[in-house]
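Next, two complexes with chain A in common: one pairs it with chain B, the other with chain C.
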Partner chain A sequence: MAHSTATADLSDSSVMGDSRLAAVSRAALGIGIAGLLATAWIGWNRADPAQFAKIYLVNFMFVLALCLGSLQFTLIQHLVRAGWSVVVRRVAESIAANLTWIWILFLPVAWLYFSNPHFGEHGPSGLGLVWPWADMEWMRSHDAAEAAIVDKKAAYLNPKFFMIRAVAYFVIWAGTAAWLLRTSRAQDASGSVALTQRMGKWAGPLIILYGVSITFAAFDWMMSLSPTWFSTMFGVYFFCCVSTAGFSFLAFVVLRMQQMGYLRNVVTPEHYQDLGKLIFAFGVVFWAYIAYSQYMLIWYANIPEETTFFLSRQVGGWTWLSAILLVGHFMIPFVLLISRWVKRWRLTLALGAVWMAAFAWLDLWYLIMPPVPTKLATYDSLSAFAEANAGASTGLLDPLPYTMLVGMMGLLVWSTAARLSRGPVLCRRDPRLPESLRFENI
Partner chain B sequence: MSTTATTTSPAPRADRVDVPLPGTQRVWGMIAEFDTPADIMEAAKKVRAEGFRFWDCHTPFPVHGLDKAMGVKRTILPVLVFGAGFTGLLAGLGLQIFTNSLSLKIWAMVWVTGYPFLISGKPLLSIPAFIPVVFEVTVLLSALSAVGLMLLMNGLPRLYHPLFTSKRFLRATDDRFFISIEARDPRFVRSRTEAFLRSLGAKSIEVIED
Partner chain C sequence: MQTTSSTRGFVDRDNTAETPGERASLVLGMHRFGEITHQVCRVSENPPPMAWYVAFAVSIGLVGLLGVAVTYLVFTGVGVWGLNNPVMWAFDITNFVFWVGIGHAGTLISAILFLFRQKWRTGINRFAEAMTIFAVICAGLFPGIHVGRVWFAYWLFPIPNQMEMWPQFRSPLLWDVFAVSTYFTVSLVFWYVGLIPDLATMRDRATGKVQQIAYGFFSLGWRGSMRHWHRYEVAYLLLAALATPLVLSVHSVVSFDFAVSQLPGWHTTIFPPYFVAGAIFSGFAMVVTLAVPARELFGLKDLITLRHLDNMNKIILVTGCMVGYAYSMEFFIAWYSGAMYEKFAFVNRAFGQYWWAYWIMVSCNVITPQLFWFKRIRTSIPIMFVLSLFVNVGMWFERFVIIVTSLANDFLPTSWHDFVPTWVDIATMFGAFGLFGTLFLLFCRYLPMIAIAEVKATMPEADPHHGHAHEGAHAGSHDHSHGHGMGAAGLRPAFRDPEAPTH
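Right, the complex of A and B next:
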């Protein structure tokens, strides 16, 4: 077309990673290590290792969600043969490529599995420290009726199969992410259209594998925290966490890189508007839709074995967190992000992305941290549970989760920035790049 | 510039036989024909710069950036749709609260009152139970208002338009790009506007009569 506001800057200083990103990488590593040291220092003498392990799980799931979000973004773009997104795809591929090492952060869980240490005389041990079903001996001694229900799920919920599945998920994610980045980089060198077609062809099967794996990962790592409770919506709920955190992080990284002088006039408000739409659609509206759907069915049917999930989130401080999530994850961002200019103006989009990522983290906290009823769901046991936890704290004033978050985010940014600093930050020879560069919303 | 057809040209053209004789009709305006999106884009900028107000572009497909070149303001339709959706939200909520949760009597042609009905032990005013209906009514009013107001603001449906008299204009839905300037525009002077359009590089210019 004959019109164009400013020409995209495709010079090396704009599209090649260099020392600026390397400096970010080094700084992030320093901050990350400081965060981890602070975590170790604060957490060293914690009396409750189960609490510590769950806080770890929240932060692990969060950084995992950031990477998975970019993986799913890349897969979707290939699946629908999208043109607009080519200018941000290399950034997404580079964030997703962290999945090749993120399994290392899962190793403490493997350590729980192999060590089987007895932390306390009366508590569960090994993996059971976090997931009660992993220590059936303790469950039986705690409440035989509840244990009898969980026993029926033993074919799926047992430590060995749990670890095998975990390995399978990481293989799928790491393999997909590594292949997508490698193929895309190969195209930088060859400019071959066949590579785009190959990625498009495999995006379909891969996204099915991806969907199945994140669904079961959500079942394994979060839903099974309360082993008798179940929700068919739970996999989709985690998909929403991934979308909220992942799309927000992607938008924020692109904004920050542009501020540093990369991708000058390559990424325009038109692309930001579409990234904002993704955050709005999946992080705000779809989240409210599925979270409400899950709530409404359980609330209406009012069956004790199902309502335990919401009971444990409506005691003490958790009632407040539930309300804050409703307002902060849906109502406020819905009204703000619905406007066009909010998604196009860099400052407001950056604020929106940080806000939504923070609420994605709070959402994971809400899913993982609340007290779990461990006795058979009856009127008496649930009343006793509600009474015992009437003053339950959300634990959000504790510095530990935040130092741990800083530590893990530091590692993530370190690895991402280092990867981006070593090559082009743009899919320079993608056949759809010209289309993406002149993309406009109608 | 090769072919220039106007009603004042002496030679009658085959594709203009259905148009009444010159002078028997009121002039509605003038259309200029262009070959490519780039041509009409340039022309539109100049027409805008000339200060015309009652003019339009007709293209076979959406041309990106043409709205900007023409200086078309963004529509306020989204704001109106938001208002309609919000009205739907309040209406859906109000209807359910009135019918299920209150014992209010209101006069709507006859005296009507709600029907408080206890369902599975839930409170009479249970917001979670109301949300599906609230959602549906919000979506319904948003969608209907979006379509309805779009038609209204575009002046549609409209079965007749002076431009339909031009055979040449039919190609606006196929492979030609047209700029039309209406005679009611204060800057419209037949001879000068024609010369102006010709200076833009129009392939042909035609006076449209109503």
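Right, the complex of A and C next:
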């Protein structure tokens, strides 16, 4: 194979971030600001703040998932003492480091909490705009029986504790990501093997903290949108969302950087194949396994308080989106990504990564946007709900989610590229680098 | 350390030090391929140690007990078990799930670790796969005898008959029949395909006529030609890919037996991955339980090294944490659901009449495995052996807790009834261990316990570059490792540590 005989290019222009990445960073900032301005302009002419807020939540969860995916990638590589992945680890660390500022995007939620605005004459106030349990007065006036159930969870689902938990999640993620990048960069300077050992040693406890934090973040920010619904699988499901989005984004960034001239002969089709395997294993197969298990068990037992979740995703246009997810998130990529050449050829892997990231975004849309049944789950209330929402639209033809996505992605790429432009884009003194450079799938 | 040939393999050597940039040797103290062949084959070629006979006698005794219990059951009816209404499932299904779970480590080691390129799997895969097959045999016993009229057990299968009798296709119990029989078939084929080259080795070394014919018959005329190896490698990769989804699917289907129902404590969406994690957890514990005495008795310490055990203990720790995560999620969501039945089911597990079973489960599955955070414990043979037994006990109790506590206290308090096992329940349970032990001991005695050909491929000597001088550009000292084992082909990009001084 041609690449086997090529010599890894470890010259400065290949492994040092420079003005090319800085230019990408500036362009991304421009595009991001344009996206945010367009969002503001469209949003300004909108009467429905609840819809706006939920679209914001979808995009926030998406960029969050992109960063968390790289964080979990880095932690797992350290935990299992992986050799193959060293050549892409700096890129992952740099994407994950966005978690140090991602809390800024959560500030609108803090604004809802602290200023507690009212929306409409009969609407909820404060956080209740998105999460109905946050305004129990409103819930009680809406349906007392439903509110009585939610009341039992008040020890967990209350605005104050919700905000405290959010702070805890951001501290855990920001701290972990910052420490990993800092330690890894320190190794660039010192070449110390002890730093590798230190990161390996702490990866275990950190990954436990990470797992617990993403589970409860998923409960807080997404599962509690339907405050009476519950699923023990939901945290695992969000792990799949993070893996799909995060691994796809990582692969795409590495592909793009190599196209720009970085990491020449450092990242080879061997590494791409492994990145593709991760997308295939966790984004396609494991996601399908978890989604199927959750769906099948709830469908089979047919308990009204659980089936509401899928009922609201099988009304109107949501039925189609459910089917499209099944085909697009599982069937098509399963057939395509299972082949070796698809993962090794840059063009097809890039297409696959973009495809899977798009479906990860759609999956979040599917989790967050559907109408929520807010009356106690009975045959009558659910029939009425299904009837009332028979023509429900998924809202995907609206430009707002896309301008907002462009805006947030612009910020993410701006920060990531700026960070990469300031130093080596390769962990160049990692003791396992030689192993990674000569790595081959056999 | 200098060891004579008689003590070789009976002394532990430490290869657990983790040096980033180097990969530790997985075969210790041997530099010729023939030495590995000899180490493994001598186990079945020489008379076994006395301990083998003692273990075999105990196991056969337990099989006899199993025979008595099952015969009594068949001639009398399932009423001889402690089952009652509402506890219509208890030891039988507990044992079934336990044994199916034990099998999972073998498949994970042979299939998933193969796809993950974990070379250390070669030291343990053969007997872990054998363990899988024997465990599934033990598992299959229980549904078979639970039908009561065992002569109708074939009704479990959708066989066309003149009575138009069909199993209920919507029942997960029928899915189990398919899942477990597929699992058994694929595991058996995978194991056997892997055995063929080693059986040929045994054939070639055999001196007795019987052995020559037996090994010769099963080695299918293997001559070790290039074409044989090529076909073998392709078949092995394909079987690994086929077996990989089975690791997830079998125990997921087993979990459906419970989770599709509406019973609190059974119906929860995390059951499929939680059962899979638990299965791998218990399976690895069983591998450690078997590997520790086997390497001791048969002198295999240079092939199943401390590093292998260390790695397995790490997997036990990881899967133990996953199981702990699932327990916590169940408990949290039971409270969070606001449903009184859910909440009752879990509080009752922890503090009801079976509280002791619940706390045995939590202590053995979540608390004690945390000791494996410490390397000193992961590499201590006696401690890991005891902890692996704890995990076996804990995982048996996990299934007991799930099954019995949820059934004994159902929705209607007037129908509540405790389960008390009878001597037949207990005799059948221990008898199954005897059956497992018997099969495993026979395996150790007559078949190569370690995949001879695969282990050889992990030796640095198997690398085509072995013994060649490194390219001159290698200034970085950490590249000079024999243990890297990263591939046979010729990728060796010239690498220079940018900061290192040049000569």
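The rule is simple: the second predicted complex is superposed on the first by the 438 of 442 C-alpha atoms of A that agree within 3 Å, B and C clash if a C-alpha of one lies under 4 Å from a C-alpha of the other, contacts with A are read in each partner's own complex, and residues count from 1 in each chain.
Here is the rule we use: a residue touches a chain if its C-beta (ideal position, glycine included) is under 8 Å from a C-beta of that chain, and two chains touch if they have at least 3 such contacts.
Every value quoted in this text rests on a predicted model; they were computed, and no experiment measured them.
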item: Partner chain in contact with A:Glu440 - chain B first, chain C second, else both or neither; value: both
item: First, second, both or neither for A:Arg46, with chain B first and chain C second; value: neither
item: Partner chain in contact with A:Arg182 - chain B first, chain C second, else both or neither; value: neither
item: Chain C versus chain B, contacts on chain A by residue; value: C
item: First (chain B), second (chain C), both or neither touched by A:Tyr300; value: both
item: Common interface residues of chain A - those touching chain B in one complex and chain C in the other; value: 296, 300, 438, 440, 442
item: Chain A to chain C touching residues, read off their complex; value: 4-8, 10, 81, 83, 149-150, 152-153, 156, 191, 193, 196-197, 200, 204, 208, 211-212, 215, 219, 228, 230-236, 265, 285, 289-290, 293-294, 296-298, 300-301, 303, 305, 428-435, 437-442
item: Chain A to chain B touching residues, read off their complex; value: 1-3, 292, 295-296, 299-300, 302, 338, 340, 438, 440, 442
item: Chain A partner contacts - residues on chain C that touch it in the complex; value: 18-21, 23, 117, 245, 248, 252, 256, 259-262, 267-273, 321, 325-326, 329-330, 333, 336-339, 373, 476, 478-479, 484, 486-499
item: Parts of chain B lying in touch with chain A, wherever the complex brings them together; value: 37-38, 41-42, 62-65, 68-69, 78, 82, 120-122, 128-129, 131-132
